[in-house]
Structure formats: C-alpha cells, structure tokens
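What follows is a group of structures, each given as structure tokens.
The following pair of complexes shares a single chain, subunit A, combined with subunit B in the former and subunit C in the latter.
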Partner chain A sequence: MTHLQSLAASIRVIQNSYKMQMAENVTRNTFQFTLALQPVLFTLLSVGIYRFAGKPDLSLYGIIGSGLIGMWNANLWTSGFIVQGERWSGTLELLLATPSSLMVVLFGKSLSNASASLGAIFITFLTGALVFRVPLAIEDPLGFFVGLILTLLALTTLGLVLGTLFVLTRAAGNMTQVLNYPIFILSGLTFPITTLPLWTRPLSWALAPSWGSQALGQAAGLSDEALMPAFLWLIVLALIYFLIGLVAYRRIERIARAKGGLQEF
Partner chain B sequence: MPAILVENLTRIYETTTGVIRRKKKEITALDEIDLTVEAGELFGLLGPNGAGKTTLTKILATILLPTSGTVRVLGMDAVAQEKELRHRLGILFGGERGLYWRLTGRQNIQYFADLYRVPPAEVKSRVPELLELVGLSDRADERVEGYSRGMKQRLHVARCLIHDPDVLLLDEPTLGLDPVAAREIRGIIRGLNDQGKTVFLTSHYMFEIDALCERVAVLNKGKILMVDTPSALKDLVADLEVVEIECLGAPANVLEDLRQHPRLQDMRVETREHKQILHLQAPAGSELVQEFLQILKEVRVEKVITRQPTLEDAYVRLVGEEALHI
Partner chain C sequence: MQHKRRTSISLELRHNLRVFWSASLGSFSNFLAEYSPAVFFGTAVPRYILQSAFFVLLARFAGGPELMRFSLLGNAVQIAANMGLVNMVSVVESEKWIGTLPLLIAVPSNKLPALIGRGVANMIEGLVGIGFALGAGMLLFGAVFVPLRLLMALPLILLVITSIFGLGLLIGAITLPLRIGTLTSNAMAYIMMVICGVNFPISGLPEWLQSITRLIPMTNGLMAVRQVVDGANYRTVLPLIGYEILVGFVCYVLGYLVFEARLRTARQRGTIELF
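The block that comes next holds the complex of A and B.
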C-alpha cells in the first residue's frame, strides 16, 4: 500500500466509525435526552442568574457558555463511554486485532458524538430566544460558524486525550464527574475567566473550550477583538491534543498487548 | 514454510489482589509450548477450562504478547510484524459478545471491512457473498439484537472472513450453540478448509475435533500433552473396553469402592439430570461387569452396556477427570 492509499483507508475508517457511532446513537434514548435537556437547563440557570443579578447584558454570554457546556458534556461523556461500550460489547479486543489504529477509530466515533452535540448550541439559542427573548442576532455568522467547527475539532481531540484515562480505568463514570466541572469553570463557560484568580490563567489557555467561548462570543458581537488569534489557538490546541493522543494511544495498544487486553471491567 | 510455528512459548499473567497491601500473583497460562501447523491444515486444540486455549489463540492473533519464546505465523513474527500479519488473520472468539447489537448484521461486517482496509470495490461484492455463505442474506438488514445465538455466531464467521484471510483462528466457534447450529458452523469451517484456508480451532468437545480435524493437540494446564491425529489419540485406549453403567443415587463410598477395583484403569462419573452414568475403563476382554455390579448391589442400576472406547475416553485418560468439567 502506498502512503496515499493508506491515508485514504484511514479516512474511510474515520468516516465509517463516524457513521456507525451515529447509527448506534440514534437508537439510544439516554444520549438524546442528555443532549437535548441539559442545554435547556443550563441556559435557564445561567441566563436566569444574570438577569436576577441585574446583568441582562451577559445573557448572550450565558447562552453561548451553556451551549459549550452542553457540547463539552456530550463530548466527554461519550468519549469516555465509547471505550467502555466497546469493552461491554466485547468488540474492543476485535478492534485491537485489526490493522487500524485504535486512535483513528475513536477519533471517528468521538467526532460523531461531538457533531451531534452541535445541536446543543442551537438548543441554547432557542431557549434564550423563547424564554428570555434574547434576540437571535449574530454579528458575524461566518465567523461564528468557523469558530464552531474549530471548537468542535478541538473539543473532540481534547475528549480523545482525556479518553485515554477511561481506557485504562474501570471508573469511567466517576472520572467524567471529576473532570467535567473544573474544565468548564477554568474555560470560563459559567462566568468570565477574568473573575478567576490569576494563577489559573495558563490552565485556561491550555483548554480549548476557553478559546471556543472567546471566538464564539466575539463573532456573536460581545466584543470587538479580532477573531484570528482565537482561531489560531483552537487550531494549535487541536493539533497538540491530536499528537498527545497519537502517542498515548500507541502506548495503550502496547499495554493492552502486554497485559492481555483491556477486556476486564 | 509452516503456517504456524510456535517454539518454547511461555505466557505468564501477573495479577494483583488487595487494595492496600498489593499481592502479586503469577499464573503460568502457557508453559514452554512447541507447536507446528502446516499450511492448509485443519488443526484442533483440545483442552479443559483454563488450559490456555484462549491465551494461545490471542498470542497467535497478535493481540497478546508472549512472556518468552517465538511465534511465527505465515513466516511473520507475531510480536514485531503484527500490522502486516493482521491483514491475513481471521479471528473469532465464540459466544455472543463481539458484535454491535444496535447495528444490523450487514453494518457489522461492512464496518470490519473498513477496519481491515479492504478496498471499497471488493467490499461491495464480498459482503453479499459472505452473507450468502453463512445463510444470513434474508436477515442481514435487521438489528443483531434480534438474532438467535446461531445467527450471531454465523455473523461472526462472516465478519472474520471479510478480508479474505489465509489463516483462521477460531476459539471455540460452537460455544453455547444447540447441536443443529453447531453442525452448521462446522460445515462452514470444513468448506473454508477445503478452499485452502489454514484453520486453527480450539474446542472442548471431542466429537467436534474428531469430526473436523486432521491433527489435534491436547493442552492441559498450559502444557501440551500430545500432538497427533484423532485416531492415534484413540489408539491410546485401544486395549481397553468401557463398561457404561446407568444408575440412580450411587453413594460416594460405593463409587470409591469401585474406584479401588484393582483392574479398573480409569473411571469417570457423568451426571445427567437425576441419573449417574459411570464410565469404567477396563482391559479389553476382562469381563468385569459382574464384579462391578456386585459392588453396586445396593444401588438401582438401570442399564449396563460394554462399548468400544471413544476419543472422549482417550482424552479423559490423558488429562484426567477434570477434563470434562465445562
């Protein structure tokens, strides 16, 4: 096989992992429920709090933050549970026995979950508009769309990296709980990171959701800063996460072979 | 070049128990094994629970590393050349697991076609061919969760053939199937071997090995006790005859008395519903039936027959009575 053919084959694996995951998810009620209900609740809470505190100008910020929380939740949950699910169905071992790398398979599946979670953003805007009469106006729709796609990629790759923890542990559920809140607080999805202590700033910068929130906020018209720096950061972070993932999953495949599978749960 | 060449293979599992004071425990699943399977052969590995069959299958499948020793499949090193090798191995683990139940049968095999990097043009023709081969064409677009065990197992067979592998590694392919479904699977396996595929098959059913395999290895507690043809295995007990006594509620002390009989070679007790079936191996022509019945005089005996030894008796003689604990 030439490099080009092998690349094409890898892309097919991503595509089909994406499709299969989607086909499976469609049949899962809990998945749809989490995806649809959570953004509504978060929007009601966050925008409600800003209103109550007499800061209705932060409504749009609250809506975008809630949408990103929804996306991030769906992402982390599902990235963690993809591996767990493969374990339960006994397919993880068969995946490991194929010539395709685990990382490529999981990337396709995570991307699939992540793009389903895009719906979260639309749901939060809709909730904002219907409940709080926040106008659906977005100043720079194209910038917003590009920001959304880049955020999606960065969230997926970050989910993959954190997913390595799930591969090696049986406590995937607990792990999501532990990781979830700190990450969206550090990323400024609940309240602006400027309200956090200064020492947390580097952590925020290393996390894709902060840049996603910034890019989307700017595109929606919350500030006049240029979009490019946030876009660049999202791309750089996505690449870094992807590389970390590649190294990590290679290691995991080696551990799996040495130990006799990741089959026990 | 043999299809499978195993030399001096040992696999030790390390497990830890306890949370605070961790204790390491080592389990030797395979103990210095040597094995050769020729290309095109249908080779059987027979062994009781925990013998190491799955461990050996996984090592051949490149998903488990040996602790020591060498393993070459199709001339390639199963440790270092795993990526190339995987394209040419078809792997099947018996049982209901290992399928995406929420997807259809067709989606399941199509997905594995991509994972094995089969060119799309080939997938198009091969998927319907394989569905036909395993008799699932009509039900291919239904979700797997609605399949019977036999259908799931046949889907497994189709899945493991999607990349047209040269060597099939089948770990208990008829596990948990009813006799009819098991016979269908065996028929398919025989057909694949006729087409020239090398088949390495594990089982704990003697008749399965007897019906299918040209050669058989008997594995017990990680050691290979014998490698030969099924009929050579039967020769182990050629000088014996078996007295089969069907009885009800024979007490342990009576069974012990039987066991102590000086001319008895081996004895195994099979419990079937409320009955016990005693298989007593004695030298051929020794005519011990009356003596056995004398020991059992207090017990209700329903049927007594004297028969030729089977492969099963040979296996029991080799491995011991635990051979049949399933």
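The block that comes next holds the complex of A and C.
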C-alpha cells in the first residue's frame, strides 16, 4: 500500500468513526444533557454570581468560560466513554486487532465529539442574551472563529490523549469526574488564573482551555492583548498532545499485543 | 381488640425496621464493592474538594471573602445533597436495570423502607463529603467557621439530606417507566445549585422564582444551617426547619404514591419488564 493509499484509508476510517460516534451521540441522553443543558446551567451560575456580586461587566467573560466548560465536558466526558463503551461492548480488542490503527478510530470519534461540542458555545451565548440580556458584540468575529477552531483542534487532541490512556483503566468514568474541576480551575475559565497561586501557572499554560479562553476573550474584546500568541500556543499544544497520544498509543498497543488482550486492565 | 391492633402495628413496625436494616446493610456492601480505599481516596475525595473549590474560587473572585464563605458552606452541603438525590434516583432505577423490580413488586413488604435503606450508605458518604469539602476549604482558602457551630448544625444538615432523599424518591418514581432517571436527577442537582441559595442568596433571584425555590428541599434547610453556623439558636430558625420538614414530607408522600401507582399500572398492564 502506498503512502497515499494509506492516507486515504485513514481518512475513510476517520470519516466513518466520526459518523458512527455522531449517530451514537444523537441517541445518547447523557451527551444531549452535557451538550445542551449543562452549558445553560453553568452560564446561569457564573453570570448569576457575577451579577449578584455587582460585576455585570464580567458577564461576557462568564459566558465564554461556560461555553468552554461545555465544550470541555462534551469532549472529555465522551472521550472517556468511547473506550469504556467499546470495552463494555466487547469490541475494544477487535478494534485493536483490525489493520486500521485504533488511534485513527479514536481520532475520528474525538473529532466528532469536539465538533458537536461547538454547540455549547452557541447555547451559552443564547442563554446570556435571553436570560441576562448581555449584548453579544464580538469585537473581532474572524479572530473569534479562528480561536474557536484552534481550541477545538487542541481539545480534540487532548481528548485523544485521554482516550488512549483510558484504554488501560476501568476507572475512566471516575477519572473524568475528577479531572473536570481541576481543568476548569487551572484554565481560568470563570475567574482569572492570576487569582491562583503562582506555582500553578505552568500547569495552566500546559492546558489548551487556558489559551482557548484567552484567545476567545481577546477576540471578544475583553482585553487589548494580541491574539497571535494565544493562537500559536493552541497550535503548539495541539501538536504536543498529538505526539504524546501517538507515543502512548504505540506503547499501549505493544503491551496489549504482548499480553494477548486487554482483559486485565 | 385494641390490644390485637396494637400488636399488629408493632409487628408491622418491627418488620419494616428489619427490611430497612437489611437494605441499609446491602447499601454498605454495594458501596464497599464500588469504592475500594484507592478509588475512594483517589477519585471521590478529590472530587468533593475540587468541585467545591471551583465554585468557592469563582465566588471569591466575584464577591470577595464574604461570598466565598457563603459559597463554601453552600457547596459543601450541596455535595451531600447531590449525592442523596442522584443515588436515591439510581436506587429506584437500578432495580429495573438489575432486573429485580418484578421481585420487589412481588414481595408483600412495604417498598419504602427498602428504598430508603438502600440509600443509607450514600447519606453517610454525603456527610463525609461535607467534612472533606469544608475542611479543605478552610485550609486552602482561609474561610473561618467555628467547629462547634458546625457540629450544632449537623442535625439540620441531616434533615436537608433526608428531605432531598424524598425528592430523589419522587424523581425516581416519576421517571420509573422512562430511561432518564439519573439524567433528570443530575439536571435537578445543577438547577438546585443555581436557585436554592447554594452559591448566592435566593434574594438575588427574581421574586417569582424565590417563591418557587422555597418549595424545593434544601432551600429552607440550607438557610437554617447558615443561620445556626453564624450563631443563631434553633428557636430562631424553627420556621425554616418546619418548612424543610414539610417540603421533604410532601416529597416522600408523593414519591411513594407515584411509585405505588406506577407499580399498580405495570401490574395491571403486565408491562413490568418494559420499564
């Protein structure tokens, strides 16, 4: 098989796993809740707290942060359950044994979750406009759109890393629950990371949602800083996550093949 | 005749207590099977602490130390409330997933002691969760609570959790023929975080919503908890306690009636297996 044929085959696998995941998501109540209702409730909570505390000017920041929380939830939650779902259905080993790489399948599925999770941003903006009458004037719509796509890409690759690591554990569900809030805290999604101790700063910088929040906030006009550094960080992080995912996947695949299965994990 | 009736009531009570005890033991066995020490301390405890820390930091940023303290207490109680709500619903829902619902329907005993008993371990877990969330919040963010006042508020916290179990029973019963019980209870837990005075006082809500939220378990109880923690005596918060008991009681009665009605309909139509 030539490189071109192999690439075409991988794209076909991504396309089909994307479609398959989308079909599963459409019928899954949990995903619908995570995508549609949770962003509304987080917006009500964060903007409600700002307004109660007499800081309505922070409403747009709260809306963008809640949207990213929604995107993250839809991404991480479902990525955790992609592997768990395959394991429960008894198809994980079969997927690993197929000539197509499991990582390509996971990428297609993570991309599907990530693109669906874009709806969360739309829902939070709608909630802000309808409930709190927040004027939704985005200063730089093009920058906002580019920031959103880059954030999406970085979240997909991060979802891929987690999805790959979840192959080795049956506690993926518990782990996703534990991982959610530290990410929200460290990424400064609803309060600035400057309110956190200084030693947490490198952890925040290593997380794509931090830069996503920064990029979207800047594009919306919440600060005057240049957009480009945040964009570059998102690209670099997406590449790093992808490489980590690739290395982790190869190692896991080797372990699984050496042990003749994944039953013991 | 009167003696005979008294004996029969006493026997019934003893029987129900036995069912409750046995279900409670079952709930502890389930809990221990699900949570090994590693899973409990590695996933559950961090979750209690981090979930509450997120909202506490948000409140501190928005409203300073006073709102932070408000949010810490609210979110600590909310952890237990959430657990009670979600687990009570899953107690009802799990009967059908495990396939034991037809057996539960067939037994001659009252179902209520069995259902409530199945949630006892989660009630204890909720109290432990409050301890971890409050302790960590006090250590990490310097929030000040007088430990004795917290202890004094413990019966009220138990009351809040108990009345929320009633709401869980009601949601579980309403959603029994559907497959969205856990989801509904999760959504309700989030809604309660917004409107029940967990993160900001209910005075921050529109007036029409304030009246509605007083009809939901936890709102009145949490207000009473806050006042007792801040130095009020029980006599001052008696009306709030009364409201909480009333709201919780109504939830239990409605939950039980709906559950029985659901089972009756299922028996008549022969649709128990379709739940």
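In the analysis below, the second predicted complex is superposed on the first by the 261 of 265 C-alpha atoms of A that agree within 3 Å, B and C clash if a C-alpha of one lies under 4 Å from a C-alpha of the other, contacts with A are read in each partner's own complex, and residues count from 1 in each chain.
Everything that follows uses one rule, which is that contacts are C-beta pairs under 8 Å (C-beta built on N, C-alpha and C of every residue); 3 or more make two chains touch, one makes a residue touch a chain.
Predicted, not measured: the structure shown is a model, and the values here were computed from it.
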Subunit A as common anchor, with subunit B and subunit C clashing or fitting: fit
Partner chain(s) touched by A:100 [first = subunit B, second = subunit C, both, neither]: first
Which superposed partner A:182 touches (first subunit B, second subunit C, both, neither): second
First (subunit B), second (subunit C), both or neither touched by A:13: first
First (subunit B), second (subunit C), both or neither touched by A:232: neither
First (subunit B), second (subunit C), both or neither touched by A:130: neither
Touching partner for A:255 - first (subunit B), second (subunit C), both, neither: neither
Contacts of A:48 with subunit B and subunit C, given as first, second, both or neither: second
Subunit C versus subunit B - closest C-alpha approach in the superposed model, Å: 9
Parts of subunit C lying in touch with subunit A, wherever the complex brings them together: 39, 42-44, 46-47, 50-51, 53-55, 57-64, 67, 179-180, 183, 186-187, 190-191, 193-194, 199-201, 204
In the complex with subunit B, residue positions of subunit A that touch it: 1, 6, 9, 12-13, 15-17, 20, 23-24, 27-28, 89-91, 93-100, 105, 256-258, 260-261
In the complex with subunit C, residue positions of subunit A that touch it: 29-30, 33, 37-38, 41, 44-46, 48-55, 58, 171, 174-175, 177-178, 181-182, 184-185, 190-192, 195-196
Touch list for subunit B against partner subunit A, complex: 13, 55, 58, 61-65, 83, 86-87, 89, 91, 93, 95, 97-103, 107, 110-112, 114-117, 120
